[in-house]
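First chain written, first letter: the chains are A, B, C and D, and each begins at residue 1.
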């Protein structure tokens, strides 16, 4: 083409060209991190609610002082089987008990019997402490158990046994998690709003900076759409740039945090906290941001032009 | 060419009892009634502030009259929908008193702009544009951007842009204010050339040297009223 | 004054005038909330570290099966007193034990003896469960206790006693809290950065929009400072507006969350999570934002003007 | 008044072998050497693109010469620190070829701008400004903003702004391009008035009618060189 394919509107010199992508990148980064946090929290909450709510754990102490721990455990299991409203009761295998106890004991709990071993009646011990027997109780769906009464009966059947009601505790945690989730949503919404306002700002600014150019294009016989299209493309391109950078950094951060959390044994290292569908949210983020920017620019320009006559 | 656009020899512009008032001020134009036949050539005179630019703006639809009717190419502009305006404007070339060039485009691109907006492309376009710029004496400054042009050079780029797509109507507002008389005469010759090919021409000017020299009929504005002054002898 | 005290630069029509305060408000709101979260978390962490780190808790079961709980407790206390490296060991008063146990038991734990009371040898009971005796152990500063060996000796002195090593557990929690704190800091820093970029953007934009005005002022003999001052005032005023709104909303949100957390018994309702000094941070936020905006505008303008000659 | 500023009758402007080249282009001005004595009055002529506006820009320090020395009010401008430039500029009034009015200020505020920038305040200022605007024929349009003024009206506001603070040096670039000859003559009279009070005046123009009528010495630019053309008879 011999007449250069320049835009009629000289966006190159606009401050938006250099600064808008950075603002969008930061915004998208922050919302990416917030979304990741919300997803992770959501996963944890649903694990808790499915795994724990409506559940009791009975802890039966073992060791030198409790030679009858095994009988007590059997007695408790028998008692539970007779109790109406109890769906399932099972003794946790030793490995799982060890895993649950480990954070409370530190690295010594990881394998060897340790010094000062005083355990006899219980299972294997951890760091010199006899491992208690844990019974996981799942209440039947919809059943309303009087947990205090049950706890008393359990304590009678197995002296020293402690009944923990996870449902209440988990309910509270879930409630707290829900509010944090809500805060994350609000944060994402606010960041989205700030991004939209920034795009509107950049577009209005562009309209102001290029007012004379636009006025002249109008006078020369350009349609509104002809002008709007150039602004749309600009907004699309700038915010796409920023969004891609922001999402990349956010995904990097999430990977880093997941890695660190695995190192700190806060969660199983091999667990996939994000499903492919959830990763897809991140993949979509730049597209969504760019589309929002495009539409924001179009609407802003067409409205402004209509007012210009 | 484009004779089909003249809508059966209807006047290109027709004003009926047009009045214009800016805001709450006095009427700048009062009871203006005239029509421009296809292929006519007029000077528009009147002292500073008489309303010449205002009249041009009315014709170009960038200002709506306070009262009265403006017909353009046979159409009543009062009932014209907004998105039909660009098509009418593409048939009008305008030289603005303040040039209104785009600072970021070269002289060539500025002049080619009306063609681009109308969708024209190709090597012919560029050759045509370069040729026209050479004609107005800017052969050396084809790739210069307006801020690097002198006042008179800018004015000539503005004129080239107004005539590049051989408009049906040419409105030139003080097109020779920044050039000396030699160039001024040359520019009027350009307009005459265009006029010979069918373009209706209106030139607002203070330069009575040129008015006297070319002797085209004058539309004279005085106290908001328009008077047609015909000079008996034909153009020289 | 007969010549109107107008600014030479017509900021009134700028898009920044309508949009910048909103962007700043959102930014300040988000950083306010992040700061509040960080402060609350910091408070919790310092409570944990001062209250828990270097600390063990020994839990001695009580109830029907443990008639000798009192003797066991005395034996453990005697043992601890002989152990080198132990700074302090005290039995927790009953009220405190009840408070600690309450979340695990629900509302029943709040007072009455409850039905199915099987307790005899222990203190008062909660929801039918005998309250265990808790001994709080503070290690001497700098002492390195072999907690596994100690736990084994405690278990021998008081069968059924469980030794919890808070130091490890709390250390992990504190580590996690520190990383969350770090994330909050990064978020605040990023938001601050985004705000600065936005102010730079608005200022550059203003310089572009008013390029001809500025150029003319220059030509007419205005000093750079004369021009910069007008931009500074504008940036100061717009960001102050936004920051005040943002801080007000953030403080409102924090109050709301504190109130909700109090309702949910997640923390004592009467506890002041924020000290006056910490509230002062919020009070300072608009001033800081406005000052940053002012300086950003000044630097941006002076640098740009110097390039304009 | 302000005779102290003339630095012992040193020339107001002195050029020594000044050359200007824009970018890598040809030299627009070559070996320019002249000086303007305090209280002198010159026309600056030359065809479109000859370099008149460029010369004005050099004097006003908005363009640095490629080579040679420019002395202003007795000072070498090459060694002038950046923050001293505004003070020199305040002693120069300029009428730009493209007016450069501030669209958001009224005619009065536009004209008062140089006084404000220099820190002047008070009712005298406004009276003085209004009187001057009346003198150039804008008594009815005191509160109008430039976009609502006609081309010629804007030009006269620009002129009023250039002369409001009785500058030591007045540079007017094509100050009569948008007004008719009656007003043009009136404006030259205004400049003469100022000149009589000590201001050095340089007027760039294409209007040879005015040049011939007022017969002040002409600085003529041709092919980048400057020639002084003295007209024998005194101004009429």
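One rule holds in what follows: contacts are C-beta pairs under 8 Å (C-beta built on N, C-alpha and C of every residue); 3 or more make two chains touch, one makes a residue touch a chain.
Note that the structure is predicted; figures quoted are calculated from it, not measured.
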item	value
Centre-of-Cα separation between chain B and chain A, whole angstrom	65
Centre-of-Cα separation between chain C and chain B, whole angstrom	69
Junction residues of chain B - those touching two or more other chains	none
Where chain C touches two or more other chains at once, by residue number	13
Graph class of chain-chain contacts, one of line, ring, star, complete, other	ring
All touching chain pairs, where touch follows the definition stated at the start	A-B, A-C, B-D, C-D
For the chain C and chain D complex, residues of the former touching the latter	1-4, 6, 8, 10, 13, 212-213, 215-224, 226, 306, 309
Interface residues, chain B side, partner chain D - complex	22, 47-49, 52-53, 97-98, 137, 148, 150-153, 156, 173-174, 177-183, 206, 208-209
Touch list for chain A against partner chain C, complex	13-16, 19-20, 22-23, 26-27, 29-30, 33, 61, 63-66, 103-106, 108, 114-118, 127-130, 147-149, 151-153, 155-156, 159-160, 162-165, 168-169, 172, 175-176, 179, 183, 187, 190-191, 193-194, 197-198, 200-202, 204-205, 208-209, 257, 260, 264, 266
Chain B residues touching chain A - in the complex, by the definition given at the top	60, 62, 82-83, 86-90, 94, 100, 102-105, 108-109, 112-114, 116-118, 121-123, 125-126, 129
